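In what follows, subunit A forms one complex with subunit B and a second complex with subunit C.
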Partner chain A sequence: MALEISSTVHGSVAVIELSGELDAGVAQRLRDETVAMAGHDGVRTVVFDMSELTFMASAGLRVLVFAKQKLGQGVELVIAGAQPAVAETIELTGFHHSVDMVETYDLDALGNA
Partner chain B sequence: MADTLQLPATLDALGPIRAFVDAAASAAGLDHKASYRLRLAVDEIATNVITHGYEEAGLRGDLELQAWRNGETLTIILEDDAVPFDPTTLAEPDDLGTPLEERAVGGLGVFLTVHGVDEFRYERVARRNRNIFVMHRQGADDG
Partner chain C sequence: MSAVASGRIDYYPTHEHEGFKLRAGSVYPFGATLTPTGVNFSVFSSHAERCTLVLFDKGAQAPRVEIPFPPEFRIGNVYAMTVFDLDAETLEYGYRMEGPYAPEEGHRFDATKILMDPYARVIGGRDEWGRTPDWDDPYQHRARLAFDDFDWEHDRPLEIPIEDLVVYEAHVRSLTRHPSSGVRNPGTFAAIREKIPYLKSLGVNCLELMPVYEFDEFEHSRPNPETGELLVNYWGYSTVGFFAPKAGYAATGRLGMQVDEFKKLVKELHVNGIEVMLDVVFNHTAEGNERGPTISFRGLDNKTYYMLTPEGYYFNFSGTGNTLNCNNPIVRNMVLDCLRYWAAEYHIDGFRFDLAAILGRDPSGAPLNNPPLLETLAYDPVLAKCKLVAEAWDAGGLYQVGSFPAYGRWAEWNGRYRDALRKFLKGDAGRAGEMANRIAGSPDMYGDRGATASINFVTAHDGFTLHDLVSYDGKHNLANGEDNRDGANDNESWNCGVEGATDDPEVLRLRRRQMRNALAILLTSQGVPMLLSGDEVARTQHGNNNTYCHDNELNWFDWTLTETNADLLRFTQGLIAFRAQHPVLRNRWHLSGRDLVGSGVPDISWHGRRAWEPDWGPDARYLAFMLDGAHARGGRAQDDSIYLAFNAHWETYGFELPQPPHGRRWHVFVNTGMEAPHDIHPHGDEPPLDDSSHILVGGRTVVILVAKAAAEGNG
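Let's turn to the complex of A and B:
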């Protein structure tokens, strides 16, 4: 199944909803989308909603590395709702030390953080 | 007899490759977790072959997959005629505890492969790369 990306900005929070499978063939699209969303004025948090993401290769992890290095300290990355297999990859590679992992997110709480 | 799949070595092949592995894992009765790990492993190595073995070397070619099943194991064999490369010689990333800001980005795919399957081997046979992924059919959910 192809990757679908749907993004919205809510004040200081950008939400990128991912659905389908994230592999090396489509990672560039997510990279571009992440940069575009983080570039909105005043965005300080980017939430990757992975609740509908059924597969993530290391190319997805590299998007997170890229985002963290490109966006710097000013933008927090949050991964929401990762399914167990995807969460296992994130934890096995130690990414959960650098990215907040939450089951669900509250836009108001994130926006006021 | 093995199930086989042959297709051009482009990133568009990754979806069909995962579907092929998923079908083989289902037929072998692997549980969801084992099936996912096997799909991830084959996807990662296929990605390396496509991008480094073929595209960056200016080569074109095919990937060929075989799925072999016996009473104990499911074996996926991935063959290519790209640049010779043995992924088992790659050192494990030593920065997995490092913040992402300071991370190098290589080596994660092979790391996930080696940790995800029960056995991973590489052979160089008749001028082809052969990557071999083995999953045990019993106790597949033991972690």
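Let's turn to the complex of A and C:
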């Protein structure tokens, strides 16, 4: 199933909802979207809502690595609701230490943090 | 294309082939390199006439496109081309080389073969361990691109002083493949991360991994004639690609993320104070002899990469079919590029070179006095803080233990240490003198190089495990399917009375003691101790001393042994902790045998059954020595004095003790004559000797005493 990306900004929090499969073919789209969302004035947190994401290839992880290093310390990355297979990929390669991995997120709490 | 990139004229293509946009590439670096606009391909061949780049979609058998290098894209012997707009995630690439097929002249070009890039940093085709390959695929080992975007944070190689190192030799898969390992992804880099607490509790601070460069477990695979079980290239001493970690060792190998997974392991080990040393095999490749597969080197430039006889056949100094031509300048540079890459990109702390004597041979096979490769590595700025360890012999009869060209940098697996300890341990007469030299860091062999030139070991992956060393007189290798012909015959082992498994309590008790004796001597010797993974829990290979082909319990670490043999594990932990607590055991340079700090006794003194009177006679099967605490680190560190008596004779002997330093008494740290838990005493709980002038040491027993103020122990 193709990747669907839907993004919204809530004050200082940008939420990128992903559903379907994140493979090499669509990684660039996500990368561009991430940069665009993080570029909104006042955005301090980017949440990747992965609850509907069923597969992530290495290209997907690359986008997260890119986002972490490109956006720097000023923007916090949160990965929310990753399904077990996706979460395991992130953990096996050690990227979970660079982001917050949460099951669910609370926009108000993130916005006030 | 970014705005910055688009402003540069060199980011525009000049050529086109079947819709692919091209430009002359950069000759350096060799390999495939991501650029802002595409991928730069650079490959070398001194004898090819034409080169074609072959591009695949990941996993596809048929190429997506074949792009001949335009003649103007060759500079010297290097073909270099940038291809624009490639998707690095889904790309696989190889080369076809056209040139003469003339084996008698050393050339074996074959344009029907698709060749792997020797600089490939990710290699597909064996993505999951043990999954039967598609043998119809014309491109078996598939070069891919790697990303260098791993987030190392503040990590870098640890640079632990070599005199403080305790090396633990392990096989990636063996460590966690056993069902008892309790990890989520058995047999992988990720799984080792789950065993870091164990390594820390053991106390080792350097994990030496048997080969992790991409290899093919199916090389020479064959059914076991007795059981039908598949015998494979399990150990991996046969490299397919020197720049790529083995995909089948990564839980994420099927996703092509082995680079990240292995880097994560290195980073995590570093956080826990454990270095990573790689066992690297530069003496030969997986292509075998003229009957072997053409994977890469043979088809790219056979005459450059391999040592060839005048008739064009392969020299076989490695015992495996071919010999890499390491002192050819091209090959030498490849080895250097490779090691720099692993040191810089993977933060590897050290390298152990398999059959390293080969690295000192010239292209005709003759040993060189001043081998350029070894010198280059020794003085390289990137490798300057890496440990370099040689297995200083080869299968062609060159034995350089003690004489390996060291340039002040190289350490050696000290095979003579192993042999001396084994002979002494089993009670051979007249071995005390040599044993003393080995315990002292082999000053007779490494006079100018210091004690740390000696990597001391009693067992390694080659040969018996420690348990089997004291349980078998001879090897039992029938399971290897070679009628027990393979594997070493000179094991210097002793079965303690019964060959193999037994329930005789006396034999078992003696074996337990002998294992402890070996560990105690090893971990109190000057030099760098190396343990074979599993020896601390008496792992057995049932007498098999060459388990290179077994993906089964002959190799897998059985974690239930940490409970069954918890007392031996505790003993080993205690010895490693003792070594860490006592700098007198860890000297960079040789001890002098003289009093250099005015303590009244030499830094090391030798004793016998009478204090100050060592017995080096032809019948001696024991020795004793004292390390003076006032001399620790040349007198700059405070330490306790330590007295050690090794009695390898079957009789009990009384040993007169040298005086402990003023105000101190001898306390018992180790007495292998006692059953657990009285074989070893925790730091601070060492019981004092009633009589500090004399001790009885049982037959085949090691006693280690430490001089402490009377109130320090439980006295």
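Heads up, the rule we're going with is that the second predicted complex is superposed on the first by the 113 of 113 C-alpha atoms of A that agree within 3 Å, B and C clash if a C-alpha of one lies under 4 Å from a C-alpha of the other, contacts with A are read in each partner's own complex, and residues count from 1 in each chain.
One rule holds for everything that comes next: a contact is a pair of C-beta atoms (placed from the backbone, for glycine too) under 8 Å apart; a residue touches a chain by one contact, two chains touch by 3 or more.
Because the structure is predicted, anything quoted here is derived from the model rather than measured.
Once the two complexes are overlaid on the shared chain, A:Glu21 sits against subunit B while remaining clear of subunit C.
In the superposition on chain A, contact of A:Ser98 is made with both subunit B and subunit C. Shared-chain residue A:Arg62: touches subunit B and subunit C both.
With both complexes placed on chain A, subunit A has more residues touched by B than by the other of subunit B and subunit C.
Once the two complexes are overlaid on the shared chain, A:Leu110 sits clear of subunit B and of subunit C alike.
Looking at the shared chain after the overlay, A:Ala85 reaches subunit B, while subunit C stays out of its contact range.
Of the two partner chains placed around the shared chain by superposition, subunit B is the only one that A:Ala2 touches, whereas subunit C remains out of contact. Shared contact residues of subunit A, touching subunit B in one structure and subunit C in the other: 24-25, 57-59, 61-62, 65-66, 68-69, 89, 92-95, 98. Looking at the complex, you find that subunit A touches subunit C at residues 24-25, 27, 57-59, 61-62, 65-66, 68-69, 88-89, 92-95, 98. On subunit A, the positions that touch subunit B within their shared complex are 1-2, 21, 23-25, 55, 57-59, 61-62, 64-66, 68-69, 72, 84-85, 89, 92-95, 97-99.
The residues of subunit B lying in touch with subunit A in their complex are 11-12, 14-15, 18, 32-33, 36-37, 39-40, 43-44, 47, 50-51, 93, 96-101, 103, 105, 108-109, 111-112, 115. Across the complex, subunit A is touched by residues 87, 89-90, 147, 149-151, 184-185, 190, 250-252, 255-257, 260-261, 263-264, 267-268 of subunit C.
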